[in-house]
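A, B, C, D, E, F, G and H are the chain letters, set down in written order, and residue numbers restart from 1 in every chain.
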C-alpha cells in the first residue's frame, strides 16, 4: 500500500490537523507514515497544505509532489494542485466553497458540500472529517476506528466531548460514498 | 460633481498584499505612501524593507526598494544615503527586526544623525516566524516562546525604543503613534509626514514608532486586536512626540 | 513503549532534554521555530532554562558563557542565523567548549527562502568562521534518527570539548514521523574540571581563545589539530545501503538520501547494481566507507540539495579514481526519485548527469 | 440625494470588518458571498446615509475603499 | 605599631600589568578588586574580559575569568549567570567594545534585567587598535580615523550610554563616575561597590561608566590626560547616579 | 615615476582610490588598521566618504546599501570581523552587488592573536556564509602587487556583480616596500543600470536576495552558478616560477610564497628541479596551472600559514595523481626558508614532510 | 617621628607621575635612575612629611605604593 | 648584498622610524628593501622593533628572524634578540641605556653611549642616528648621503631644519667606528 494524500485549503480551515489525524491513524495501524506541511509563497492569509504519506514500506521523501489523493478545501487549492494528481488518483472537492469543477478525466473526482453537511449535523468545524470519511471509504487507507482512536490521543481531554460529532462526520462521509458505490471506477 | 476624497496613493502599487485580514501593516503602508505623495518626492525616494511580515513591502511601495538583512535596514539606508545624500531614504522595520537583532544598527544610525526616516512597527511580537516573543512583548503576554506568559524575571521588561533613542543627540524627530482608531490613524499620518520633512530639512535621524496589531498571532479578531492594542499597549507605550526640532 | 508522532524540530528538543541539556539560547527563524516553541514549554518542566536572545550573535555568545560555566547547552538556527554565529563558533572552538548547534538549512544565499536545502554544507564542514578549526557535523535523515543522534551530539561535544553541529533541512524539521522515545534514562554528564564556575576555594580557571604569543597559538593550533585528527580517525559514520557490490554508488545525506534509497530500491528491483552511501557525519567525511568500494564501484553520483558541495569530498574520498557525477536541486526544490533515477540510468548507459 | 459615494474593490477585501466597526453611520456590513480569496467582502448597506467621511477607508488595511464626495462640499 | 592602610587587594594578582604609564585602566582594576574584597565574594565571583586594552584583565583579576569576543561580554555573562545564578558576575568593557559593536548585547542585558555588573571604561577612543574614533569620542577630537577631528555631520554625536540605558526598566543601577582625581576615585569606588551590592540583592542589571584616560592615544602626558578628561569629558558626560534602587 | 615606500595596508587604500573607489565603510581591527587610517585622511581629499561603522555587521550592510546605490565601495577587516560579515556577504552575493572586501588574515580560531596567518582560506574560498555562492579571492604577495590587484578587484567585482575578496596576511599589511604608483588614470566605472537610486522618472529597481518561490530561487541559483562557472573558466590566475620542469612543485600564496621562492632559488642553485606555483586567485583555484605539470612533476608540497587548507585544492587540482605533501606554520608563525628547504630535501630523498 | 610610611614597589613603577602630581604634601619625586622596565621610578623625597593619606596610592594605576600608618591613628 | 637589520627598543624611542629611514635610503640606492614592524606580545608600554632588509635580489620574507645586525636600544631587546643574530654578524648596543654586555663571541659587538653623545651634540633625539652612522660605517649597507636624502623626503618641510643635526649624528657614529677601525673583525 502506498497513499500520498495532499490536503489543501486556506489557513484556518484545519487542514494541517486533519492531515496529522490521518497520519496518526496510519501509525496506529502499524504503517509507515509521514506528515509534512508546506507553506505557500504567500505565508500570510494564504493557502495552507500538508502532505500525508501512508505506506507499507519506509517512506523516502515525505514531500507529496504527486498525490494519489488531493483533498481540495478551497478553489485556489484545486486549481493549483489538480494537475499534480497521479493518473487513476482521487480528488475530493469541498463543493461548499468551490464553485468550479475539476477538469481531469483520468482521476476520480467527488464533490462534497462539506460545510453545509457539517452544519446539518450541528458543528461547522467537522467539515474536514466528512471529507476524511469519504477518503477512508474510497481508499481504505485507514479505518474509522483508528481515526477515532487518534482523536482520543490528539485532542486534549477537555475536548473529548467532541469525539462523537467527529465520528458522526466521518461516518457521514463514508455513507455518502457508499451510496454512490464505486460507480466511477 | 463627485470628487475623490480618498483613493490609493500613487506610491503604493495597485496589487493585493499578503497581509492577514485586519493586519495594520496595510494601514501604515498607506500612510507612508500618502506622506511621500504629499511631499512630492516619490521619484527620489528609496525604501528599505526588513525581514519580518513586511518583507514584501518592496513589492508594494512603487519607489526604488532594497530588501535588507534582518535588523540591518538602518545600516543599508546609511550606505544608500551616504552615496545619494539628496535622496529621501526610509526603512520600514518590525520590532523583532529593529528592537532585537537590529538594536546596534538603529542606535548608531540615530547617534550618527543619519538623515533617514525609520518607520518602526511595534506589534509586540515576531509575527512572520510564528508569534514568538519580541523585545516589546508585554509582561504576561502569551507567545509561542512565552507559553506561560512573558515573565519579567526570565525575559525582562519590554523595551521602549522612542524613550531610548530620544536621548541621542543625533535623533532629530522621534514619535510614537498608534493606528487603533481613525483619530490615531490621522495623527500617525501627521507624524510620518513630519518625520520625512525633518529628514529632508537635514536635521538628522527620524523615527516613528507605530503601535500596530497582529490579529493572527495575538489570536484575536481584527477589531478585538485593536481594542487589545488600545487597552494594553498604549498605556505601556505612551503616544506622543519624544523629540522634534523646533524650526519645523 | 508506544510510538508517537513527532515533528523533527520537536524531536531535537526532546532528544536534547533526554540527553541532559538544560540550557537553550535561541532566536526565531524558519524552518526551525518549532524547536524553540517546544523547549520554551519543556525546559521549565525539567528545571532548565529557555532564553530567547536578542540575536544569533548574542545566542552563540550566551552558549559560550553557559558552556564555560559547565552546562550542557545548545542553540539552533538556520542559514542566515548560522552565518551570524561564525565568529562565536570560532571562539567556542578556540576556547574548547562543548555545545550543540543545530542548522535547519534553507535556501540561500542571502535571504533566499524558507524552503529546505543543504547548501550550507561547505560552511558546516569547512568552518565558516576564521581560523583553523573543524567540528563534527551530524546529518540525520529521519525523526527517529534525530532523537538518537542528539544524545551522540552532546556526548561527542563533551568528548572533544568542541561544538557539534546537527545539520538538517527544512523537510526534516517540519515533517512528522512516528518515533519511539524509549525509557528516559538518567543522564551522566561527564565532570567538567575545566569549567569556570567561581573558584570556591579551588584553582583559578580561565575560558579563553587568546594566545598572544605566536609560539603559544601555534602550539594550541597543533593541539586542536590533533583533536580534529582523532575525530577523523574515530568518528566517521555512515549508512551503507547496498553499496558493497554496486556498480554505481549514490552518495547523499538527509532528505536527499531518503529519495536516493527509493531510487536504489527501484534499481535493485530492476536488477541494476546501484547502492547508496549515506554520510551520517558530514565532517569527518566517511572516507573509510569509500575505500572498499573502489574495487567494485565504477561510478559515483552525489545527490545534493545544493549546487554541488559534497561532491568535492567524494572526489577526495575516492581519490579521483572513479568519475564522480553530481545531481542537485536547490533553492528549496527537492530531488524527485524519478529524476534521480533518470540520472542514474544515463550514467549506467554511459552518459553523464547534469 | 447622496452627497457621497463609497466604492469597494471587493476582490481586495479580506473581510476584516474594520471598516464596519468604525463607520460612524454603521452602514457597512459583510456580504454573504465569498470573494476569490475566500473572504466575505464588506459592502454598504444603506449608501444614502454615507457622509463621505472616509473613516472606513482610513481604517481599511487593504485599500479596498474609495470615497467620493460632492465637489462643493470639499474644503 | 604601623598598620597597613593601603595595600594590594586580594582579588588582584601580584603581577605587573601591560598598561601604559598613567593608564587609568589600572586604577579601575584596583577599585573593582577592592569592591569584591570588601563584599567578601572573591570566591564566587566570575569576571568577563572584553576585547580592548583590558583584554588581559583575565590575567590580573584572580577570580575565575572568561575572555569574551568583542562586544559580547554581556551575552557571555548572561550565559554564565543563567547557569550559576548564585555567583557574582561582572564584565569589564571599553567604549568600542560596549558602545559600538556590543550595543545590542548591553542594551538587551539591561532590558532583561540580567543580574550582572558591567564596568564600562569610557576613554573616548579605541585604544588597543591604535586610537581610532569611538562612539564616545568628543566632537573635534582627533583620532587616527578622524584625522581632521570628529565631525558631527560625518560621524554624529558622542553616545551617552548611562542616559540611554537609564530608560530601560531592567536597569537597576546606572552611574557615571570618573577617576581624574583622588576625590573622584573614592566616589568611583563607592559606585562600583554599590553596583555589586545591587546585583547581589537581585535587583537587576547594573552598570558603572568610568571616564578614563588613555594618555598614549590622546598623545598627552598622564597628568595632562587627567586634566583633559576633567576639562572635556566631564562636561559632556555628567557624573552621577542615573538610576538606583531605593532600598539599598 | 619615482618609487615610494609604502605599507601594504596603505597601498590597498591608495590602490582603491585610484580604482575609483569613493566609499569605505570600516571597523578597526589589527592588522589592517593603517588602511582605515589612510582612507580617513585620503577619502575627503578626493570627495569620497570614509565612515566608521559601529560593527563589522553594520559595515557589510552599509556596503550592501552603497553598492546597491551604484557606488564603487569596499570594506576591510581581519578574521573575527570577516566572520561577522558572513551573513552580509551572502546577501551581497544573493543581490548580485559588486564590492571589494579585504581580509588581512591573523591567527585564529577565536581571538587567536594579531600575528599574520592564512588560516581563513576555507572561509574565503568555500564561502563562510550560508547558501550556494562563491567569490573571487585575490592573494597578492607584495606591496606593488597590491596596488595592481586593487584595480582588478574592483573591475572583477563589476564584471560579475559579485564581491571580490583580497586576502592578505598581517605581514603583507604591515610591511613597507617600494612601489611605483604610476600616473593616476581617469577611472571608467561601468554604468550600473540595475542600481536603485530613486526612480527619477525611470523604472523601479529592487535590490534583493529573497526568492520565496523555490522554483524562482532555484533559477536564481542556477544563474549564479553560471557566473561562478564563468569565473572558474576565465579568472584563474597564478604565477609559475620555474615549475615547468620541476620534479617537486611548491604551492604557496602570499607571504608563504615569498619564502618558497627563496627555497626554489636555493634548490635551483644546487641543481634541484624545484619550482613554485603561486596562486593569485585562491578561488577560482588555478587548476589550469597544474594540468601541464602532471607530466613532469613527481611531488607537490603546499606551504601554508595554516594547518593545511589549500592542500585540498591542490589534491583536487592534481586529481590525486601525485602525492601532495603539506608543510605549515600557524598561529602567527611564519614558515622559514630553511625549514621549507628541509621539507623539500626530505621529499626529494623519499621521506615525507610533516 | 613619622606617623606614616609609604613603600614604593619600585620595579612596578611606570614613572607616570600621577602619585607625585596628587600628593598633597608634594613630597614625591622621580628618581634619576631607570628601573628594569625602563622608567624613572617615583620615590618619597621627604618621608617624614608623609601623613599616610594614601592619595598617592589611590591614584597609582600600578599598585606600586603601600601605605602604613601608626595604628592608633587609624579609624 | 643581503643585510637583515633588526632595530629594537622601547616604544617611543623612534625605533620604527629609524628603520624606515634606513629602508628608504636603501630604496634610493636602487636596492630591494623591505621594512616590517613587529609588535611584542606586550602591546602597550612594551618593546617595539622592526626589521629592515636591504638586498640585491628580491626579498623573500620581510620578517627578520635571523638578523645580520641587531641594534639594541634597551636592555630587554638585547637580552631577547642577541641569540638570533647570525654568526659573524653585528650587534650595536646603546650603552646609555644598557648596563650589561652581550655574551656572544661569534659576532662583532659595539657599545655606543648614544644618548649621552646625542645630548653632547645638542639634540637628545638623534641618538638613533648616531648608532645608524656606526652601522653604515661597519656594513656599508647604504651611504650617509642616501640617508640624508631620505630624511629630506620623510621629514615634513617644517622639520627640515633638523637635517643638519641628524647628519652630524650620522657622521659622529661613523667617526666612532672609524676610530676603532675594524679591530674586532
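Simple rule for what comes next: a contact is a pair of C-beta atoms (placed from the backbone, for glycine too) under 8 Å apart; a residue touches a chain by one contact, two chains touch by 3 or more.
All figures in this text were calculated on a predicted structure; none of them were measured in a lab.
Visitor: Not counting chain E, which chains belong to the same connected group?
Guide: Apart from chain E, the chains cluster as one piece.
Visitor: When all chain pairs are ranked by how many C-beta pairs they have in contact, which pair ranks first?
Guide: That would be the chain pair C-F.
Visitor: Where the centre means the average of the CA atoms, what chain is farthest from chain F?
Guide: The most distant chain relative to chain F turns out to be D.
Visitor: Centroid from C-alpha atoms only, then distance chain C to chain F, rounded to Å. What do you get?
Guide: 29
Visitor: Just the number, please: Cα centre separation of chain G and chain H in whole Å.
Guide: Chain centres of chain G and chain H, defined by C-alpha means, are spaced 38 Å apart.
Visitor: Just the number, please: Cα centre separation of chain F and chain G in whole Å.
Guide: 54
Visitor: Compute the distance, rounded to whole Å, between the mean C-alpha positions of chain D and chain F.
Guide: Once rounded, the distance between the two centres reads 61 Å.
Visitor: Can you tell me which residues of chain C touch two or more of the remaining chains?
Guide: 49, 51, 54-55, 57, 80, 87, 91, 95, 110-111, 114, 208-210, 212-213, in rising order.
Visitor: In chain G, what residues contact two or more other chains?
Guide: Residues 14, 37 of chain G touch two or more partner chains.
Visitor: Could you say which residues in chain B touch two or more other chains, in rising order?
Guide: 19-21, 23, 55, 67, 69, 100-101, 103-104, 107-108, 128, 135, 155
Visitor: For chain F, which residues are in contact with chain H within the complex?
Guide: Touch residues, chain F against chain H: 3, 5, 114, 171, 174-178, 255, 258-262, 265, 334, 336-337.
Visitor: In the complex, go through chain B and note every residue touching chain C.
Guide: 51, 55, 67, 69-71, 96, 100-101, 103, 126, 128-130, 132-133, 135, 144-148, 154-155
Visitor: List the residues on chain A that touch chain D in their complex, please.
Guide: It comes out as residues 10, 45, 74-76, 97.
Visitor: Inside the complex, what are the residues of chain C that reach chain F?
Guide: The touching residues are 57, 79-84, 86-87, 90-95, 105, 107-115, 117, 119-120, 122-123, 126-133, 208-222, 224-225, 306-307, 309, 312, 315-316, 319-321, 329-333.
Visitor: What residues of chain B sit close enough to touch chain D in their complex?
Guide: Contacts found on chain B: 1-8, 12, 16-17, 19-27, 30, 181-182, 185-186, 215, 221-223, 226.
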